[in-house]
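In order of appearance the chains are A, B, C, D and E, and numbering begins at 1 in each one.
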Amino acid sequence: MAEVDTHIEFDPLSTGSLRRRITSKAIIYGLLVLFSIYYLAPLAILLMNSMRPLEDIVRTGFIDIPSSLSSQYWVEAWGTFCIGGTCEGVSRFFMNSLLMAVPATIISTVLGLINGYALSKWRFKGADILFGLITLGVFLPAQMTLLPWAFVLGSIGLSNTISGLVLIHTIQGLSFTTLFCRNYFLAVPDDLIKAARIDGAGFWRIFRRIILPLSPPIIIVTVIWQFTGIWNEFLFGTVFTSGANQPITSALVAFSGSGTGVRAYNVEAAAVIMSALPPLVIYVVGGKYFVRGLTQGAVK
Amino acid sequence: EPKTNMLHQWAQGSEAAAIAKLGEMFEERGGTWEQTAISGHTSNTLAKLRSDVVSGNAPAAVQLKGPEIAEWNKTGRTANLDDVAEAQGWDAVVAPELTAVMKPTGNWVAAPMNIHRVNWLYSSKKIMDDLDIEIPKTWEDFNTACEKVIAAGKICIAHGAADWSDTTTFDSVVYGMDIDLYRKAFQEADTDAMRSQGMIDAFAQLRKMVGYMDDGINGRSWEQSMAMTMDAKAAFFLMGDWTVASANAAGYKEDVDYVCTQTPVDWGGNGFILIADSVVFFEQKDQDYIDGQKLLAETIMSPEFQVTFNVAKGSIPARTDIDLSKGGFTQCQQKGLADLKASVAEGTLVRSLAHNMTVLQKFRGAMMEVITEYVADSSISPEEAANQLADAVEIQQ
Amino acid sequence: MSSLLISELRKSYGSVEVLTDINLEAKPGEFVALVGPSGCGKSTLLSLIAGLEDITFGEIRIEDRVVNNEAPKDRDIAMVFQSYALYPTMTVRENMTFGMESRRVPKAEQNREVARVAALLQIEPLLKRKPSQLSGGQRQRVAMGRALVRNPKLFLFDEPLSNLDAKLRIEMRTEIKKLHQNVGKTTVYVTHDQIEAMTLASRIAVMHKGLLQQYDTPKVIYEQPVNRFVAGFMGSPTMNFLDATVVKEGKGLILAGSSGEVLPLPEGKFTALQQGQKVCFGVRPEHFSPASQNRAERVGGISVLVEAHVDMVEPTGSETILMTTISGQTAIVSCEPDDTPEQGERMELAIDMRKICLFDPITENRL
Amino acid sequence: MPDSNTNKRSVTQLIQDYLPQIVLVPTVVAMAMYVVVFSLWTLWLSVSTSTLLPDPSFGGFGEYVALWKSKRWTVAYQNLFIFGSLYVLGALFIGTLLAILIDQRVRFEAVWRTIFLYPLAISFIVTGTVWRWIFHPQTGVELALHDMGWLSAQFNWITDRDLALYVVVITGIWHASGFAMALILAGLRAVDGDTIKAAQIDGASMARTYRRVILPSIWPIFLAVAVVLLQFAIKTYDLVVALTQGGPGVSTTVPAIVVYDLMFQRGQIAQGSAAAVMILVALAVVLIPYALYMSYRRRGEENTHG
Amino acid sequence: MSSLLISELRKSYGSVEVLTDINLEAKPGEFVALVGPSGCGKSTLLSLIAGLEDITFGEIRIEDRVVNNEAPKDRDIAMVFQSYALYPTMTVRENMTFGMESRRVPKAEQNREVARVAALLQIEPLLKRKPSQLSGGQRQRVAMGRALVRNPKLFLFDEPLSNLDAKLRIEMRTEIKKLHQNVGKTTVYVTHDQIEAMTLASRIAVMHKGLLQQYDTPKVIYEQPVNRFVAGFMGSPTMNFLDATVVKEGKGLILAGSSGEVLPLPEGKFTALQQGQKVCFGVRPEHFSPASQNRAERVGGISVLVEAHVDMVEPTGSETILMTTISGQTAIVSCEPDDTPEQGERMELAIDMRKICLFDPITENRL
């Protein structure tokens, strides 16, 4: 497990003449700024339009200097905007999403850790085949699984419930979490496990005392990956839940559809930002660890 | 205690408000109202319905249209409303064009909520006045008018391209040029008719009309297009009567900002392309929900609801026994009802292809693909388009 | 009684047999070194003793009890790994108590044990640190501490020193030796460094390709290797092997490529040799000496003189290594710095004939 | 004769021994259902007579024929390959460029990295919607340019059937290139610094060093990123729905949209399933060679170690 | 003329000075070894010579041209890295031609060069392979090949052998020595293995904490180390340092803890010593010998006898290391296997007094 950040990299630009160094730095920062504009533009546009009066937007489009700014659309979006026949804003869908994403993330991560541990550190006959089966799950298109899931949810009485979505996302996520964790644990020296076995520790004790304390980097990766994936997924949410039970992304799908009635773009922009906020915060806060963990786990 | 849970796609705006009214009335009558509003694409609603049926939780009531009703009826899972219908005498009051749809095999399985008219032409009063244009009655008039508008540097047709809106326009074109062709091709899915010269002519007319549009049609919503005409940026807008509700809600005035007339017809007389929103009932196990279905059906068919709902939605009631001069109906709506009656009398009433009132979804979808491609791709010739239309349907047969 | 008794042991991974018919016995208190080149199966054998892998065939007894089917924790062994395998998230103290906790040893006893071992290894100041805060040598010591706390019946070491640099390796080697003399536990010690094996072990097991080549004391292994592999593997610089032919009815040798000088063999040692037989003549670098300083004769041995050309001189400080050519064959000679000739010189070398070995060039066994 | 197979272990011992397998049982059951049963189910539906609802009776392979005769499907499948390759290559290219820029010991590295990585947190729906606003001539860049007085400015790719697919590609790249950047950057950091020094001494310019030495040595990362992105590409649905709804015409339709429409809007479950199977085929085309290659490589590695 | 001339060189990273005032000169064809413990700045110095890092202060000249501001590629040097730093995706041939391609050397010449070097290093059969298909020793050779193709003015090696196992290291060491004798290029060779430095170098630069301690021939470094650090660093096992006091007006020593025996110092060597001065008495392990085999006297030296207690015996095969106690101070003694005493024995040891060193216990400089 190479520590990515402590690596003292060689910097070809630190030698050579001063002028060359200055021009190359200028080019580098220039390019970075250009790219940043490309990357930040959508966020900036969303943010700006979430505070512009609707007339402005309708008249001059989304890209314009706002004539006035107001936070009222945010209040509306959170509390009173009409979505899916009720006018309570996105607040309760937001809560639904939390209720769905948090448990599904936790369960799939925990199971992924255990699976990855069992598959990588207790290699038994057929472990590779099992692993192959599990990874196949990563690639199944969601549209294909809609009807079978409907059948399954119906038969176990979880139609139109958040629990049903938790179940789906957990099982779908297992593939990813197992893949990540297993690859990550491959880098944990087998000798540690051997030493612990000689020390008299069993399967669970080794997991708890040796593996788990080593896992934070990969836990961060799976949590971020799962949470954003589940939070942003809309097809299952749309099809398997309705009304008050919908997660926020599904509730906001109205955006893309050919809904009728006048569009309150500013309120929608505010709602969209709200809906994107949790994954965004997670990425901004955990991005560094995400990248580090990902390279330790995924790229093998 | 009657309960219901209605699945529909009117998630926003005036439509959501209209459906909320239904809920209120249902509750006033002692029911417990629940609804599942699926926003966005129609596929989402249908996917929801399908998954509910597959999972064994078919919704008590679903908003469905046209031949789909018959299809679902065939699955044997729809509820029979004959008792309510008989008690309330639906056969007498429901527009005859609708009864066939609501009773696919002779039994009532659906309750119609409204009748929408598709073939409306909205003209910008200001442009008409400024350029001194008569509102066109035939397609030739229409083309002449457009030339004039274009010459004046304005956009002639406001349009937002999408398969359904392109097809909405084409509905009017085919219907206006040859009503028999419309019936054969669009209601009976007769592929010979689709290959006929009449269809080629219709496509040629459509091509002309695309030329009268600006190049911003892709990705534009129908509300934006509507506003273009209302704001006198474009001369004409071809769209169903839901426009009226939206336009009025947005503060535009009938006969001030816009004028509504039927889309051009080359054969003279009154024409009417119809859509009816309706609610289909699926069989339930829970007695509360069975009771709820009866109550909901009664509520929907009640004159009060028909009035409230249709005022909000811009359409006209599915019951023919309602006086539109009362209760806040607009002039356009009243004109619509009059045209409907005239059309029935003249035998020119048809159902809309674009809005899923004629052929099965699989044919309709295939046909809409061809039409929307034709609108988007000017390299396709009318002949090719006519053949593609027929081919697309033949594949699905 | 024997502390460890391995009989007819075999181990296969799938169709590949990595250990073939191993028989090995360790007396109580013995220090057994397993040496052999990389991949010869040393670690595998250790894993089998520890119970970390399943035995394919054969039997392992620890203190006369068959342990074939016992879990590692029930075998009462301790193991030190090449990578130390310290639990990275635990402190040194926790590393040491982890095993006792698993076995539910009372807290008080745990503390007593840690104190005892920490004192023994002088790691008291480190007890609160994490492994990442330790130097290589300290980690090594902690790893041993972890093995020592439980007072097991058998110690297993898998190349415990090979991650240390040269100087530290020598220091720790001595420490391990002291420790073993103090604690007196039976130990099986895997290494591929033959000097470690020589200095530490009471007996050395030399392995090659899954087969046990020789199992004997360091002295016997060094002086009477059973075959050319063992002879070449033990000793640094490695033993020189020169082609030769037996003459004088088995009483002398002629080096291939020489102008015919006969090297007389010591009496009574190589009686089975046939006239004209081809042999491989093995001489260790330190058994050459400059004729002027004839070491062999000095200590009362018999020696013969050969002429050598010095191709290269490598002074290491305490000794000097000469690359030489003798009768057209290359030979490495080690000599004292004071005796060092110049590069390119011709010199007379004395060979200590008591110490030489002869091998069959085909079977490679010692004659 | 000693025999290691005499098994005298107790039941608890047995459970202990098989614990690794036992803990996997729930996952294996779930995945077997999810992967095997669901796939077979779809496969079966694709040759059944299902229409509105699943119907298990056999209906032959007609749906596959009909599917491939449909223009929308062929366009969609073709788009999948165009979009897929441009998206993957584009994201890799931009990602590499960004990674190289950040690798030059820039200041505020974390800030740049976050800027480029955040799109990954944004759902495709939102991504598509916002970019539609930007690209649409009546709401976005073109309008802004007109308002600024540049009346002849034209930026209407999204409404041009020949260019709209590239809008989808650009948007996709916006979303994914940060991911590529992050992994490639980590790869660059892990490259043996000595090889770079060696290249400097060998007189290679910086560009040449990257091109010939550094980038080639992290190709496994490129491969891994490419596979992750390709499976995104093949599953692409929400992005297109939100951005172009498959239009103008059918010019930007992708298979996942067709599947969804066939299955749910049009009530052609059999044909929809056939389309889904074709998506699986596309996936297999990508994944099987990758899997084979990886196992070949792993075996190769084992051999060189052994 | 000198091939390399370093004057008053300093290097800081931020506020940390890692190289302080380094002066070093290499004559054409010289083989300079840089040794020192880990972190002393060896690699940094090499990087400065190569131009991979900026110089903080001072001057570096290559063949009398100041190169301070020249890019690495313009300095006409070649470098071999510890990790070999072969380009993993290129074949051996491509690895060797990459530098020439960068310099736009014509194809024909490239081929000629590769052929020449491949023949020299006997790597022709490897030219088509990738580095991952090579063994450690082969990689080493290819890395050297890459350095050789361009016929540079200066060779830089950074611990080229430390990734190899003991046996291979010794072989490759000899190869490098041969190669240098063949090619005759000026070479700067970093190692932390003092034996490598001793055997290879014409001059050794011993570094410690960024300071150059001593720069001289191996013989001088080994026999006349300037201070205790150099004395301890060079030589394995390390030199013994015993506390002692000067007596007899500077002509004798008494070991601390001894019962008062005076060890006479050789005449004329330590004239500056004061009566009663505390000194640190340094003796290398090989300069002890059992009294019975008094090596020193044998070669005509002067020796004194001390009594020692044998604490431990470590036979390595070719020699035996004894851990002993002399007057209560521990000393490591190396002796021939035949002379080996038993553990626990008392014995008389002869010290070769010509070879001893004395250090000031405070400044640690040699007296």
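Here is the rule we go by: a residue touches a chain if its C-beta (ideal position, glycine included) is under 8 Å from a C-beta of that chain, and two chains touch if they have at least 3 such contacts.
For each chain, UniProt lists the protein as follows: A = L-arabinose transport system permease protein AraQ; C, E = Trehalose import ATP-binding protein SugC; D = Lactose transport system permease protein LacF.
If you're wondering where the values come from, they're calculated on a predicted model, not measured in any experiment.
Simply put, of A-B and D-E, more C-beta pairs touch at A-B. Taking each chain's centre as the mean of its CA atoms, B is the chain most distant from subunit E. The geometric centre of subunit A is 55 Å away from that of subunit C, both derived from CA atoms. Subunit B and subunit D have CA centres that are 39 Å apart. Taking the mean of the C-alpha atoms as each chain's centre, subunit A and subunit D sit 15 Å apart.
Taking the mean of the C-alpha atoms as each chain's centre, subunit B and subunit C sit 92 Å apart.
Residue positions of subunit D with contacts to 2 or more other chains are 16, 54, 138, 197, 200, 241, 245, 260, 263-264. Residue positions 41, 44, 47, 50, 54, 162 of subunit B are each in touch with at least two other chains. Touching two or more other chains at once are residues 10, 14, 146-147, 152, 253, 255-256, 258 of subunit A. Those residues of subunit B lying in contact with subunit D across their complex are 41-44, 46-47, 50, 53-54, 68, 71-72, 74-75, 161-163, 215-220, 224, 360-362, 364-366, 369-370, 372-377, 388, 391-392, 395-396.
In the complex of the two chains, the subunit A residues touching subunit C come out as 189, 191-192, 194-201, 205, 209-210, 213-214. Interface of subunit D with subunit E (complex): residues 192, 194-195, 197-205, 208, 212-213, 216-217, 219, 304. Of all the residues in subunit D, the ones that touch subunit B in their complex are 51-54, 66, 69-72, 132, 135-138, 156, 158-161, 164, 241, 244-245, 247-251, 260-268, 271.
By the touch criterion stated above, subunit E contacts subunit C in their complex at residues 38, 165-167, 170, 173-174, 177-178, 181, 192-195, 198-200, 218-219, 222, 234-238, 284-286, 293, 295, 299, 312, 314-319, 321, 323, 334, 336, 338.
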